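Read through the structures below before going on.
Next come two complexes built around chain A: one with chain B, the other with chain C.
Let's turn to the complex of A and B:
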């Protein structure tokens, strides 16, 4: 029972992080109609920026994180303006999708050439060392803190979307981009803000994952695969759904691993994904009537 | 990720199976003198310069190139410069095979070095078919040790051998105990598991079981929870440096460090592992190194070559392995003399008996038909965030 409880708790912890990385994927999908394959490498790239700032300038983790947040905002805007906005109105979805794949490879190349020598790197945590003890399971302050940060971010985004004018315009654009444009909403500006938010959230995920996964060029590769699974399970267009999808993926993956093995866990998670796509193509929390054209 | 790993294994098995005749009989020397001119000796290296293990593996070829440059700048070998063409295989068997075909087509004297356990079984049949010597890869591949190709020379005992020797020594020093094994999915991992299980039994310990994990697993917490529930005295790791470091980090976070020691193969005696686990490993990790440690007097010549490289190289486990194998290579080329051919190179290596060919490797003996030239490694403990040598130990009976 203790093993089961441990697997569930650790599954929830990692699942919330899957959801947090999936969140910007859903946000961008709702704004652009395209899944962003570069999300994981944006996280890795920005985490390396924080790491290099600490190492070369001598900053502590918090000041370096401040530099990282500024870099994230700049990178998000740059990626949109240079990589996505050009001919965006006439390009089809496949074109935009391939652009995100190109960004994925571009960022992977830059990370590999500039920073990967000697990886993996120990990355400092903003949380104290040690763990909360609860029977067999020990929840490290790092994991508990990461879950807390994810929760706070989710709350802030909820407030942003529900209580601010920009947030409401976001939701309107996400639901009916064409009508929002007819009503005079500057959808390009909103899409750029979405890219900035996506980059900032990616940085925070990277900084939360790196202390335990260690900073390396491939740090987010498998992570992104599970985040995409969370996105699809959650319904692709549902912002709360992606967190629920992440927790489902995390818990099932961890419980199956502790009672069988890694391979069976992969089969269980992706078998569930296939099943959901067959039985409920819009995902567990997606709107079945919503169809992007 | 998973599918590509499975495809690689299947391709490897197929290629080894379909070419077994050529391996056991030994191929004719189809290219004597090829790759050798009056001014140069051309060899080829396939190595992951990109991809998941590039950060660990690139220093292996960089270390070798630094030593070859050093030798070339001091007059070369018998008046010839060594030209080592390093091609990227991305830790991918088909890419490595394509590179090997390039070396065959170029008529290189030999295929030298490289790093990774996935690629060597895939390229060996191609090299055997064409009689190309294959020298000193950093790879754990039990299939290679048993390949029977007489132009294959290894100085890196398989992980199974390394861990068996280490378990015997650790249980002699710290007492028998229970063992939990975290293995990685690479070719030969089944045999590694059998060797670990047998070594534990032979040393009077109890084998509790373990898990074979996918390289680059995103969350090691479930693995560590299973490990913790078993209450082992020893945890044995057969993992790449990044994954081993992640597992140890997770063990510390879950308060799951074993009561006696963490035992690991040579990947734990490297800078990427030691640098990323911090003080968690102090006094808890025992490992083995194929080469003397970076700070030793024996490594002085490599350090000197690394200082002259551009950019300068850091001396640590992977780069020193590359440098040491290059030293063995240059020693063999020197002995082979002016009339250098593949046949002559093989003769020289086969003639070595307890030969000290590199100051950082134990003495080398290949004999008439063996593939593995060393049976001893350096026992290493991590103390104060540094590797500390504890003398040699026998890893192959």
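Let's turn to the complex of A and C:
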């Protein structure tokens, strides 16, 4: 039972991170119709930027994070301008999806050329070592901190979307892009902001994941699949749903790992994805009334 | 882009044969390493061509097909090496293994449009590489240590020489290409192209969308299985690192760079990729960055890929009108078909050119009014108590409507009244929290759109809903699918039944086009090149070709000029009078409603506001308020 409770709790903490990476995926999908397969590699790329800043320039983790944030904003804007800005209106969704996969390959290529020799690398954590003793189980400061950061970010996003003008414009655009455009919303500017936000969140996820997973070119491969599964579970367009989906994926993945092995755990999550598509393709929190024909 | 791709698709076979023809002498000229590279190129080409059917034609991104190459390769190597099966016999086994796996994992994926297959197959590729390297299947795959591949015994010799392997691969590629082209231009391929254009429209036109997507996926996986067996022969030893998940993405990239939806493009893309990969071996890791950049450039600037560029070049050279090529082939067929007898006595001589009709409409309406009263009282379609909720908004609130047999029933109301939602509900696109549909005394349950169509309710759309790269005739032929029950696999073979069905579908389509007054020459143009009014009429033809019992129409006059509205009104009247077709039509245009409708129902804010004859409801003050705004009172 202790084993089970531990697995569930660490599943929740990692699940919130799946949700956190899934969040910008949903945001971009809602606002621009782009399902961004490059999201995971953006995280890896930016985490490498932070890592290299520390190793080569000799910065500490916090100043290096500052550099990383600036790089994130620049990279987000750059990827949008290079990959998704031009001739996107006349492109079909296969074309758009493949563009994000081209960005995926591009980032992976640059990482492997420049940085990945000698991987995996140990990545420092901003949180203290040791663990929090809560009753029968221990939670490491690293996981607790990661969960805390994710929670704070979720709260900030909530405030941003409900309380700021730009945030409300986002929601309006996500609801009816055509009408928002007619009403004079500069949807291209919003799209640019969405990409910058997506890159910044990716950086934070990467930095939170790297200390436990070790920094490597393929660090986010499985993570991306899990986050996308969370997105589908959450109903594709639901911002709170993706966190719930992430927690479900995290808990199921962790519990299966604890009782069997890692491979079975991945297969279980794949099975969960197929099951949801089969039984409820609109996701647990999506609107099932429009039939998926 | 649409024009270029339309041409390429219509000429898939000659282009593909040209590409393959060029590859035939290459094998004789090359030797050593280059020959091996070319053989690999052909193998990738095979998998990429199969993939094109799913990605290029049905518009579903499949990112796991190299996983099926792996399954094919391992199935062959394990069955031959461990169980002593002849390598030749492993071909059908590999195909079957891939088909079964594709069927099982594909079934859930097709249920979520677009992203379901993209994500599902991306995940699937990861699972395959995980299982190959893991312990679960170690007994067969030997995990990371890998397994040797028993050599294919060539006829008369012990081992296959590189030349023989090249030409065996070439031959298999030829078979795969012929089957894929057949798939692409057959009934099934036309369904896929309509699905790519709009899944909802396809299902309302009678296509079982999920099934069509699934079969295309299974086809591509089976082809990848064949490629896998040859791949195993080419590399001689199987290890997990040969099959990384990302290889599947590269496979799609090859098809994209070559030109999706052309069959020839994926062949060129795959061969070019493998040759360039070999030539750039010294470039080290930078070549990955280069390939990704080329891929991105193609996706952004040259959506047609290599084939698209060749088409452009050919267009400049010949200075010919882009759409002409397709027409020439279809015209010949049309001439032959026009001589065929027309089935059924009800076919009207509807070849009066548009624009001449204005005043006659009134007479026709008078005639229709003279229907015997007992017939008019008979209900063909009855909708009861429909309630549809969108979040906090009630789009439809306990709405009921009855269409009398042989009548034209108008549904009118301001924007947001719920008219289209009601049509969506009846045609099976929209679920409701309450409500029933009764067609001719039979209660229809919760049916999928293509089942509603099969039951006898056809429908047209407000927005352009034809596949723009198919001809008007081919679009109308798609409407006959609801009646046909034939497997995809029969489509691939030139069976007598297949051809007979094709002829029958074509004949019905010609008749339907004639009934809506589309001239034969226009019927052979790509739908994307027709005028908006013509597109509406073709949409109507696609709906009536299946001889529905009720025709639902969503704003047939939207976006049309006055003169074209009259044409549509006349056609509707003719269909109603000559075929006895019952019609429910959403309309805004009050003149149009008065001209064509026998009865009208007014909706406002999801509720029924009034029922009656067009004159009654349009003179009802409450209705006038709703239409003109309450300030007018």
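Here are some notes:
Definition applied: the second predicted complex is superposed on the first by the 281 of 293 C-alpha atoms of A that agree within 3 Å, B and C clash if a C-alpha of one lies under 4 Å from a C-alpha of the other, contacts with A are read in each partner's own complex, and residues count from 1 in each chain.
By our rule, a residue touches a chain if its C-beta (ideal position, glycine included) is under 8 Å from a C-beta of that chain, and two chains touch if they have at least 3 such contacts.
Treat the numbers as computed from the prediction; the structure is a model and nothing was measured.
Within the superposed three-chain model, A:82 lies in touch with chain C and out of touch with chain B [touch as defined at top]. Judged by the touch definition given at the top, the superposed model places A:148 against neither chain B nor chain C. Contacts of A:277 after superposition on the shared chain: chain C is touched, whereas chain B is not. In the superposition on chain A, contact is made by A:133 with chain B only, not with chain C.
Using the contact criterion defined above for the overlaid structures, shared-chain residue A:119 touches chain B, although it does not reach chain C. Once the two complexes are laid over each other on the shared chain, residue contacts for A:93 go to chain C alone; chain B is not touched.
Of the two partner chains placed around the shared chain by superposition, chain C is the only one that A:110 touches, whereas chain B remains out of contact. By the touch criterion stated above, A:60 is placed in contact with neither chain B nor chain C.
Looking at the shared chain after the overlay, A:221 reaches both chain B and chain C. Taken together, the two complexes place residues 112, 221-222, 225, 261, 263, 266 of chain A in contact with chain B and also with chain C. Interface of chain A with chain C (complex): residues 35, 37, 82-83, 86-87, 90-95, 97-99, 101-106, 108-110, 112-113, 221-222, 225, 228-229, 232, 236, 261, 263-264, 266-267, 270, 273-275, 277-278, 281-282, 287-293. Of all residues in chain B, those touching chain A in their complex are 1-2, 50, 52, 54-55, 58-59, 211-214, 216-219, 221-223, 225-226, 228-229, 241-242, 245-246, 249-250, 253-256, 271-272, 275-278, 314.
Every residue of chain A that touches chain B in the complex is listed here, in rising order: 2-3, 6-7, 10, 13-14, 112, 116-122, 131, 133, 136-138, 140, 142-143, 211-214, 216-218, 221-223, 225-226, 250, 253-254, 257-258, 261-263, 265-266. Of all residues in chain C, only 1, 55, 59-61, 63, 105, 107-109, 111-116, 118-120, 122-124, 126-127, 130-131, 134-136, 196, 199-200, 202-203, 209-210, 245-246, 249, 252-253, 256, 260, 284-286, 288-289, 291-293, 295-296, 299-301, 303, 388-391, 428-432, 448-450 touch chain A in the complex they form.
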